[in-house]
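Note that subunit A is present in both complexes that follow, paired respectively with subunit B and with subunit C.
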Partner chain A sequence: MTAAAISKVSGRDADFGAAPIALMLLVPITIVNLIGFVLPVANLAILSVSEVRSSGAMTGGWSMAKWLLVATDPFYWELLWNSVRTSLVITALTLAVSYPIALYLHRSTGLWRNALLVMVISPLLLSAVVRTYGWIAILSDQGLVNQGLMALGASEPVRLMFNLTGVTIGLTEILMPYMIVALLAGLGRLDPRVEEAAATLGAPPWRVFVRIVLPLSLPGIALGSLLTFVLAISSFITPKLLGGGRVFLLATEVYDQAMVTLDWPLAATLSIIVLLVFGVALALYGRILRSIG
Partner chain B sequence: MTIRRFAYTTVALATMVSAGAASAQEITVMAYTGLFQDLYTKAVIAPFEAANPGIKVNYAPQPGSAAMIGQLRAQAAAPQVDVVIMDVSVAKVGSDEGLYTKLDEQNMPVVSELYPNARFAEVAGVAVTFDNLVLIYNTDAYPEAPTSYLAMADEAAKGKVVIPGVPDIQGSSLVMILDAKNGGPGVDGLFDKGMEAMAPIAPNVQTWEPKPEVYAPIIAGQATIGVGWNARAQVNSDTSGGKLKATIPAEGTAFQVNIISLVNGAPEAEAAKKFIAYALSAETQKRFTETMFYAPTNAKADIDPAAIDRTVLKSLDKVVPIDWIAVAKVRDKVTEEWRRRVLPLSR
Partner chain C sequence: MMHQAPTDMTVAAAGPRAGQGYLSLQGLTKRYHDFLAVEAIDLDVAQGEFVALLGPSGCGKTTTLRMIAGLVPTSGGRIVVAGQDLTAVPPHKRDMGLVFQSYALFPHMTIAQNVAFGLEMRRLPRMEIAARVAEAVAMVRLEGREDRRPAQLSGGQQQRVALARALVVRPSILLFDEPLSNLDAKLREEMRSEIREIQQRLGTTALFVTHDQDEALTMSDRIVVMSHGRIEQIGRPEDLYERPATPFVARFVGRTNRFTGNAHGTTIRLGDLAVRAATQRSGPVEVMIRPHRVALAAAGCVPADGLNSVTGIVRRTTYSGDFVQYLVDADGLTFMVEEATVGHGRIAPAGTAVTLTWAPADTLVYEAAP
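Coming up: the complex of A and B.
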C-alpha cells in the first residue's frame, strides 16, 4: 500500500469517525432532555385531556372539557392577559433599573468592578422565598417604607403589598440580577473607541448614548428581556406571598388547581398554555435578533 | 463469568436485606408537616414504637392533603406508603380512585368504638381527628373575646383581617357557617347567603393567603383577627404566651375531619393495621387530644376536663353540620362564586 493510499484511507477514517463522535456526545443531553423535559411534557398533555370529577377524582377516561373551559371562560382569558401584561411591566421596570447599573459595571475596572459584580450576583445565592419575606418586612404597614412615610407626616400607611404593587416590586428586584448579567454580556460588544470617536466628532453624550451605546447593547437588552419575561410569567412563590390572594396569574392558578382544588387536568392545560407563551416569546426574540442583524 | 458472579452477589444481598426487614418491620405514615408532625410523633408514634419494638415508623411529612394524593397516585403501582392521614374531601378522591383498603369492624374491630360521624359510606378510611373552625384574635387588639364573626367587618378591623380564602377549607367553612346562620340554601344553592354575608368582611381583609399559616401574622400584630383551626390555634396560643386566642362565636363552628387510611397494596399491611388500630384506640386518642386539642373520634376516650374546655367537645351544640363529600362535588362552582362575588370587594 502506498503512502498516499494510507493517508487517503486514514483521512476517510477520520471523516467517518467524526460523525459518530458528535452523535455520541449528543447522547447524554438527549437522554437527559427526554427524561427531564419531553416525557413530562407529553405526560402533561395526556393529563390535560384526562377526565376528572368535580371532587378531583380521576375517572381514567378522556375529555376535552378543560380545554373547552379555558377557551370559553372569560376568567382564563383575563388570567392570560393579566399574566402577560404583568410580566411585560415587570420586564420593562427591571430593564429600566438594571440598565444604568450594567452600564456602570461595564465601565468600571479592576477590583472595584469585581466587588460590584459580586454585589449584583450575590442575591442569587438566596432563595426567592427568603428575599420575598424580606420584602414583606419592608413593605408591610409597619415596614421600613411606611414608617418613613409616617415620619414624613403621612396620615395612614400606604398599601404596598398583598396586591399587584407588591408583586411587581418584589419580582422586579428578584429578577434584576438575571437582567444585569444578560446586559453585561451584550455590552461586551461595545468598543470604548467607538464612543470616543463619536465624542471627538462633536456628538454630545446623550447622542452618543442614543446612536452608539443603545443600538450596540440591543442584543443584551433582548436576551435580558426574554429571560426576565419567562421567569416572571412562570414565577409563583412571590405572587403567592406578596399577592394576598388578589393577584391571579397563570402560575399561581396552576398551583391552586393542582394543590388546592385537585383539578390536575385543568392545571395541566394551564401549564401547557404557559409553555405556549414561552414559545411565542422565544419566536419574538428570534425575530428581534434577526432584525437587529 | 463476571456477570454470573454479580448476579449471585445481588441475590445474596437481596436475601440478606429481606431477612433483615422481616426481623424489624418498617412502616411509612404520611401526614402533615410542621406542628402536626412534631406533636403526632410525640403523642402517638413514639409510644407506638415503644409498645411494638418490632415495628419502626417512618414519618413522611407533606405540606397538605393534595400533595399526599399526588404521592399516592404516583406510587399506585408500587406503594411505598402504608398509612396516610389527610382531609376527608381528599380522602374521598383517593377512595374513588381505589387507593385505599376499606376499614370496617371486620378487619379493624376498634372501628366499632368510633362516633357515628367518624365513618363515611363513600370513604375507605375512618376519622382519626376532628378539628373545628375558630375565630382567632390578637389579645392586645381585643382584650375581650369577640362574640361574632362579624367583628371582622368592624371599622377597627380595617386591613387587619386574615382569612385563608376559598378554595381553602377554612374560608369555605366560614362561608358555610354564615350561610347556615342566615337561613341560606346550603350546598344546593352554592351557599348564597354565606357569600352575601362576606360582603362587609371582604373590604377589611389584608390577605386571603396568609403564609405559612394564619396564626403568625396575628401573633406578630401585623393582623389582629381572622379564622383558623382550633388545634393549631390552641398550641399557638400557648407558645405565644397568650398573644393569640381562639373563640367559637355565636354563629357557631364546623368540623374539619382528618381520615386515617390503609393504602391499597401497602408493603407492610399487617403492621400498618396495628398502627391504625393503635391510633384509633381510646387511650391514644386521649393522649393526642390532651397534647394538641383535636377532638377525639373514639367515643370511649376519657379526656381530661381541662383539655375538653379547649376543644369543640364543650360546644357540640354550636357545630353547624357540613357534608364535605357533597361540598367536594361543587367545589369549583363555589370557588367561581367566591371569585365573582367576594374577591372583587376586597381589591
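Coming up: the complex of A and C.
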C-alpha cells in the first residue's frame, strides 16, 4: 500500500472516531430538551384538545372547542394581531436606540469599553419585576415624568401607564441589553480597515455607513431583532404591571386563562399559537440570513 | 573581483528639491501622548516616482502613510500634493489610493463591486464604470472572477483586487502599506514586478511602505530609510547600498562587517590591524565593510597597489547557489566575505589560508556611537 493510501485510510478511521463522540456530547442536551421542552409542549398540545366541563374539570374526552373558539372569535384575532404588532414596534424601537450604542461600543477600546459593557449588561442582573416597578415610578400619573411636566405648567398628567405606550416604553428598555449584545456580536465582522478603505476611495462618512457598516451589521440586526421579538411577544410581567390589566396581549391572556379563569385548554391553545408565531419568526430569520449570504 | 572607482560620499540623491515635490511632506509629525511616532519628516516625491519607506517594525512607516491618506490626524507639519495643502482635508476628498496589508476588501461585495466602489463614489456614468472595472480587472489578471466574493479568492488574488480597487480611480498618489507581507515568497516576488510594471505603465506616483529591504531595493526609484520616527537617509537603492549615510542604514540595508576602531587621518586601527579609508577622521570610529566588496585570494598573492590587504584562515564556507559566503579569521577579527559564484571556479574550503583585499573607499567610517 502506498503512503497516500495509508493516510487516507487512517483519516477515515479518525472520522469514524469523531462522529460517535459528537453524538455522545449531544446526548445530555437532547435529554434536557426532551424533558424540558418537547414533553411540556406535547402536554400543552394534548391539553388544548381536552374536553372540560364549565367547572373547569376535565372529562377525559377530546374536544376542538377551544381551537374553534380561537379561530372564530374576532377577539382572539385581534389579540394575536395586537401582540405581533406591539412586539414588532418594540423590536423596531429597541433596534433604533440600541444600534448607535452598539456601534459606539464596538469602536471604543480599553477600560472605557469594559465600563460601558458592564453598564449595558448589568440591567440583566436585575429582575424584570424590579425594573418594571422602576418604570412605574417614572411613568405613573405621579411619576417623575408627569411631576416634571406639571412643574413646567401642564394642567393634566399625560397617560403613560395602563396603556400600550407604557408597555412599549418599559419593554423597549428591558430588552435593550439583548439587542445590544446581539448587535455587538454581529459587528465583530466590521474591520475598521474596511471602513478606512471606503473613505480613501472617496466615500464620505454617511456613505461609508450606508454601503459598508449597515450591510455588514445585518446579521447582528437580524439576530437581535429575532431575540427581541421573541422575548417581547412572550413577556408577561411587564405588560401585566405596566398595562394594569387594560392591555391585552397573548402572554397576559395565557396567564389570565390559566390562573384566573382556570380555562387550561384555552390557555394551552393560546400558548401553542405563541409557539407558532415563534416558528414563523425563526423561519423568517433563516430566510433573511440566507439572503444576506 | 572588480571594484568601482571610489565615489564621493556626498553625491546628491536624485529627486525634487525640498518643498518642490508633487508630494511634499514638510515637518510631518505625529505624537501619541508624549511619544513621538513620527518626528518632523521632510520628503519630496516627484510625479510618477516610486518611493519606498523602509525601516524596522515600529519606526513610524504606517503612521506616516496614514497621515498622508488622512486616516490619522497630524500633530504638526504639512502634507502638500500638487501645490495644494491637504493637511486638513478629510480622507474621502484626498483622491489617494491606499492598499492595506490586510487588503481590507469589502466582504459583502463581489470583486466587480469592490473595484467599482470608488468610481460609484465619484458618480461616474454606469457605462464608464463598467468599462473601467473591466479594464482594471484585466490589468490584474482576474478576468472571469468578477462575480466572486473576496473570501473565495486566494491571498494573492485578493491582493490584486485591492490593487485594482485603488488603481481604477486613477488616484493622484498610490499608497501601499506592506501589501505583500502576507504572501508566500514566490508570489511576493511576482507581485513586486507586477505592481512596479503597472505603476510605471500608468505613471502613478507611489509611496510603498515595507520592512523588507529586498522589496525596497528591487522596486523603488528611491528609498527613504526610517528609524525611530526619523529619516536616516533618502537615496537611490545603489546610494543606500554602497554609500550608507549612517551606521543604522549600513546595518539595516544589506549585510555588513562591523568593527570598532580608532582613526588617525585615513588610517584606522582595528585592534592589531591597520586599514585605510578614503575619508579623513580622528578618534573612535565604527567601521563597516560590505562582504561583497572584499576579494578573496590564495595567501601570498601580492595585492594591487593601494588596496587594503589582510591575511587570514577560512573558518567556515557556506555555498548558497548564487554566491559563496566565507567567514575568515584574521588578526583576531572575523571578516564576512561574499563572492559571486559566476565565473568563479574554485571554492576555498575551511582551513585555507587566504588574503583579503578591498579598496579604501569601501571602508565605510562612521563616528562611534556615544
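One rule holds for everything that comes next: the second predicted complex is superposed on the first by the 276 of 293 C-alpha atoms of A that agree within 3 Å, B and C clash if a C-alpha of one lies under 4 Å from a C-alpha of the other, contacts with A are read in each partner's own complex, and residues count from 1 in each chain.
Everything that follows uses one rule, which is that a contact is a pair of C-beta atoms (placed from the backbone, for glycine too) under 8 Å apart; a residue touches a chain by one contact, two chains touch by 3 or more.
Since this is a predicted model, take the numbers as computed values, not measurements.
When the shared chain is aligned, subunit C comes close enough to touch A:R207, but subunit B does not. In the superposition on chain A, A:A199 makes contact with subunit C only, while subunit B stays out of contact range.
Judged by the touch definition given at the top, the superposed model places A:R189 against subunit C, while subunit B stays out of reach.
When both complexes are overlaid on chain A, the residue A:P215 reaches subunit C alone and has no touch with subunit B.
According to the touch criterion, subunit A has no shared surface contacted by subunit B in one complex and subunit C in the other. Residues 69-71, 90-98, 100, 102, 104-108, 117-118, 121-122, 149, 165-166, 169 of subunit C are the ones touching subunit A in the complex.
Touching subunit C in their complex are the following residues of subunit A: 189, 191, 193-194, 196-205, 207, 211-212, 215-216, 292-293.
Contacts from subunit A toward subunit B in the complex involve residues 53-58, 75, 140-142, 159, 162-163, 240-241, 243-246, 256, 258-263. Within the complex formed with subunit A, the subunit B residues making contact are 64, 66-67, 69-70, 73, 89-90, 92-93, 96-97, 159, 165, 167-168, 206-209, 211, 221-222, 325, 328-333, 335-336, 339, 343, 346-347.
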